[in-house]
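The two complexes that follow have chain A in common; it is paired with chain B in the first and with chain C in the second.
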Partner chain A sequence: MEAFFNKEGGLLSVKVSGRLDTISSNDLMAKVRENLDDTVKEVAVDCSNLTYISSSGLRVLMTIYKKIAPKGGALTLRDLTPQVGEVLNITGMANLFNIE
Partner chain B sequence: MTAMDLKEYGLDLHCTMILEEYRELLPTFRKMEKIVKKELGKLVGKAGLLISGLETRIKAEDSLAGKLELKGSKYRTISDLTDIVGARVITFYSEEVDKIASLVDSAFEVDWNESVDKRKQHALDSFGYDSLHYICRIPKSLCEDSSMPELNNLRFEIQMRTALQHVWATINHDTGYKSGIEVPKEYLRNLNRIAGMLELADEQFSLIRSSINDYRRKINNLVENGKFEEVELDGDSFRRYLELDPFERLTHKIALINQAEIQKTSSLPYLKVMKGLGFRTLADVEKLKNEYEDDAYQLALSQLGGTDIDIIVSSVALQDLLTVYILRNGGGEKGLAMLYSETGGSSPYNDVRARQVFKKASSLPFMKREPEEQP
Partner chain C sequence: MKLNWSNIKAATRGLDLIIVAAILMATISGVQYYLTKRSIENEARQMAEIRLRNANLLLESAMSSMETAVLNVSRFVEESIYDKESLPGLTRGMLEANPTVKECGLLFAPGHFPDSSVPFHPATFRNEDGVLSTMDQSTNGFNYYTRQWYKDVEASGESLWTDPYLSMTDDKMVCTFSVPLRDSTGTFVGVMYADISMEWLYNLLKEGASAYKNAFSVILNKLGKSIVETRAGGVPPGNEELVNDMVAMKSGEARISYSDTSSRAFYAPIGKYGWSMAIICPEREMFDDFYDTVTMLTIFMLLGLALLGFIMYRIAKWYRKLQSVEQKKQRIESELNVAHKIQLGMIQHDFPPYPERKDLDIYASLDAAKEVGGDLYDFFISSGKLWFCIGDVSGKGVPAALVMAVTRSLFRSEAVHGDSPAVVMKSINNTLTGMNESEMFVTAFIGKLDLATGRLDFCNAGHNHPVIIGDGGPSEMQACSNLPLGLIHDFPFKEERTELPAESTIFLYTDGLTEAENQDKDLFGTQRMNAVLQNGGAPEELIKATSQAVSGFTSGAEQNDDLTMLAIAYHGHKGSHVVIKNELSGLSVIPELIGNLGLGREISDKLNLALEEAATNSILYAYDSPGSGNVDIGVIINENVVEMTLKDWGKPFDPTSAKEPDLTVSGMDRPVGGLGIFLVRKLMDKVEYERKEGMNILKMTKNIQ
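On to the complex of A and B.
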């Protein structure tokens, strides 16, 4: 798994590639915590190269969502692969995030 | 400091002495202002009242000199002037003026001989839309300072008014009218008309609020007593209904498929979908829950079973119920795409998602039963 972060104004852009399994989710969570400060209003995740997401990866997304949603912010997931999209759907999370 | 040091206002000796007292007591007035502002803020916050504004000020020296020039002989000493320190609490609703007044009464020593309810002073043919004015002292129990012996003796004024009263008073003040000065009748008539209109508007705002509160109370009672057929489905009623955790059982059943953790999320976004599907009352939601629970579980089992996903959100239960409802009633992929766009916003991905779900659900037993009647 690789993750790149870019913060501009209130927008945190993240590009995640590869498999987001339990171990790599821990790495991602640590990086998210580093970057997700109070100035961030929106988070956009480029998922075009995300091939797999585990429950731990879903927890990372929920952590981001729960941090920014109460402040009126949004979590946007872009270019989901069908596999990742299906996981989000069956857990009920697809209706929480903006999916583009 | 002597009268000679004072800025020249052309006042007589008596008024100049009062002005001198004012200067000497300025530190005390500043402390009074600070205490009053803090205490009022605390009282309003504790009572959970939503107010439009809280202002405090110390009368400026120029303004005091002007007042003394006009009616200085009325006052013996500075302590006869009760508005050197002034506070104003501006509420949204007229009944909250009385609530604030009661809080002020509990926190400060109110001088009832000087306090006036200007709201009740107007005769039928007079004009004005005024506020409630309390003249108060800071009680020793609130603050005592041996270096400022006058802190608890000097009085201050608290004005309590609605936002509309405030607008009227501010504009009236801005026009320069002072009581006792002859003003053209047309001017009085116009102010009178506006005052009446604002008073009516304040009454209407209060009425609207109390009607909404009555409605909410009624909804609460009906929901608590399970009279769902009498409760129209809307934001208030659905929110109240959700407090009963109606989908808890299904959520837990779904979670048990993989011993999943449940993350609490709101099901409110599904209200729009249900309204769009023609649900009219909470009884329709209850019917959805009771009649489709097994099918929704079957759908969740087909999706989650065989995976190792051990996290779901609580709103998945209603999502699955509505998915089944749409499919059972012939909504197909299009209906599902509508469900997703109403809850998650429009996206080309909604069609992909609808196709995936439809395909998987097509083989489930509930899809093979005859369509049912819609609520």
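On to the complex of A and C.
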């Protein structure tokens, strides 16, 4: 799993590639904590190369969401692959996040 | 015996022989013919010449003796020229001395005897009975002076022979020789004449030509007029050249024709007075016998040639029959070769076929009998299923090989996108019944082995039941027989199912194995076969050992049927079961486990996720510390159901009892975790938990299509 972060203004852009399973989710969580400071108002995640997400991965997303939502910010997920999209649907998280 | 053209053509190759023989025979015959004909001609010629000469001599002698007699007597007459008394007696004496003379007379010129004005004409006659009578002819009033024998002699003063003429005396043909009479002064005073009967001459001639029945003789005078002829008509008209030659006093041989038959004339001058005689002989008669012989010989020769031709014809026919039998035999042999090649081309013979697979071991052998092309076996893997079949076509040669090829193609094409051995069987059956004209049928066994689960679906069509070799040794598979393929259209083949346990082998064979015969006509049989299979072994060993047992049993007796064996050892599905330590790194085995099922991407992802979530739970929460316990993961497919089983020996925990997270709660109120089990429940169709013997057992089931 690879993740690239880009902070500009209040927008944190993340590109996640590969599988977000239990193990790699820990890695991502660590990176997110690094990059997600209080200056960030919005987060956009490029999921075009994200092939798999497990509940650990969902947890990372939830963590992001809980950090910015109180400030009125949105978590945007772009270009979801089918598996990832389905998981988000099943768990109802598709309603929480901004899916593009 | 049909006279067909090819036989004649073949026989005419021997025609050269016949032609040479014919030419040879014809040449020899021709030479013989020529030589024989010539010798017959020579013989005829010689005979004719002899007779002519004889006739000549006889005639000459007769005539010259008469001439001599007359001349002699004429001298006596001249001495008593005026003695009327004695002169008659002289004529009588003439007849007495010469039996051939018919009449002899003296005719004196008028005025010779001065004392009478009437001529004096003494003559003696011989009548038919030979009685002589002498008289004076002058009294009968006939004017003899006009007769040729007087007139010409008076005129020429020389003796002459007259042509034959009809004698007045007795109505017979006579010839007269007359000589002049002279007195002492040499003056002509009269004629002495003697008549000779032509009958005598006629008889002479008749005798001369008697050798040939239809031959005849003719005598011509110097004017070419016929004076004696033994056949009426004399020289046939149209033969002037012969007459001329005869008149010209020539002698020789000529070919003449009369009444459309050709004849030979042998002629020569005769006598002293310009007469010529010819003996005429029809060639037909000369060569009659000869022609008969020639005809017979020719017939025999032709018969001989015909016989020769007939013999050659029969020989040619026999030879051609031999050739066609030979050709037929070669055709059959090459046909069998073709059948053999078809058969070999169709079956797999590279073993092992799937060396990279751990779960399978396959070996097969097909030992073809000399005349048969009917056994087949085939196998292939598709979508995690091993399809295999074995078959035995009834019949022999190229037709059987073709049915075999069709069956194999159908097996492949139907099984690849099919699902059910019975459906494949039905399809093959209907195709075969559709094309089957010669009552051929195929016994077959088709199986589909699910490599992940060991489930075997199969359909049997009248074939020998396979043998399953497991822990307990070989045992015959129970199977319905249905019917062989190709007999009844739309036959409802029944499909059956069984489980092939891991580490068992299925052994398929054709009846060439169990019905192999030895010299005593005993059969190898299933008992002997099972005895070999009892010893077990890998497929290759198994088959080779069985082969050896069969050859040992038959020991030299001729193989009369194909012997085919196919053995599939199933080791079970490796990697369907893994035990890991309770560490997150152990999750890496999951993708492989799911991948081994050989399912599609989407379903595999779902199974992967569900299994990962469940396994993560066990890893994180079952034990107190990482690496201190085991988690057992098992994945199986049964029919269209995937079963994933998770076992651990940790704290009792029932994931199914956890409440479903409330998704309607606002995001901020939602717990961060707890979604794992939720996902599992959502992704799988059934989730069951059981606590047994100190284990947490979680069974997740999903139906897949």
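Here, the second predicted complex is superposed on the first by the 100 of 100 C-alpha atoms of A that agree within 3 Å, B and C clash if a C-alpha of one lies under 4 Å from a C-alpha of the other, contacts with A are read in each partner's own complex, and residues count from 1 in each chain.
Throughout what follows, a contact is a pair of C-beta atoms (placed from the backbone, for glycine too) under 8 Å apart; a residue touches a chain by one contact, two chains touch by 3 or more.
In this text the structure is predicted, and so the values were computed from the model without any measurement.
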Exercise. Sticking to the clash and touch definitions up top, decide whether chain B and chain C on chain A clash or fit.
Key: clash
Exercise. Applying the touch criterion given at the start, work out whether A:Leu80 contacts chain B, chain C, both or neither, answering first, second, both or neither.
Key: first
Quiz item: Looking at the overlay, does A:Ile90 come into contact with chain B only (first), chain C only (second), both, or neither?
Solution: both
Exercise. Determine, under the contact definition given at the top, whether A:Asn6 touches first (chain B), second (chain C), both, or neither.
Key: neither
Quiz item: A:Tyr52 contacts which: chain B (first), chain C (second), both, neither?
Solution: second
Quiz item: Given the touch rule stated above, what does A:Asn98 touch, chain B (first), chain C (second), both, or neither?
Solution: first
Exercise. Would you sort A:Thr22 into first (chain B), second (chain C), both or neither based on which partner it touches?
Key: second
Practice problem: Give one of first, second, both or neither to describe whether A:Thr39 is in contact with chain B, with chain C, with both, or with none. | Solution: neither
Quiz item: Looking at 259-267, 277-285, 349-357 or 367-375, which bit of chain B clashes with chain C?
Solution: 259-267
Exercise. Would you mind listing the overlap between the chain B footprint and the chain C footprint on chain A?
Key: 54-55, 58-59, 62, 82, 87, 90-92, 96
Self-check item: Contacting residues of chain B [partner chain A, same complex]
Solution: 260, 263, 265, 269, 300, 303-304, 307-317, 319, 340, 343-345, 347, 349-350, 352-353, 356-357
Quiz item: Mind pulling up the chain A residues that touch chain C in the complex?
Solution: 21-23, 52, 54-56, 58-59, 62-63, 65-66, 69-70, 82-83, 87, 90-92, 96
Practice problem: Spell out the residues on chain A that touch chain B in their complex, using ranges where they run on. | Solution: 54-55, 58-59, 62, 80, 82, 85-87, 89-100
Exercise. Provide the residue numbers of chain C that touch chain A in the complex, in ascending order.
Key: 584-585, 587, 602, 605-606, 608-609, 612-613, 616, 663-664, 667-668, 670, 672-673, 675-676, 678-679, 682-683
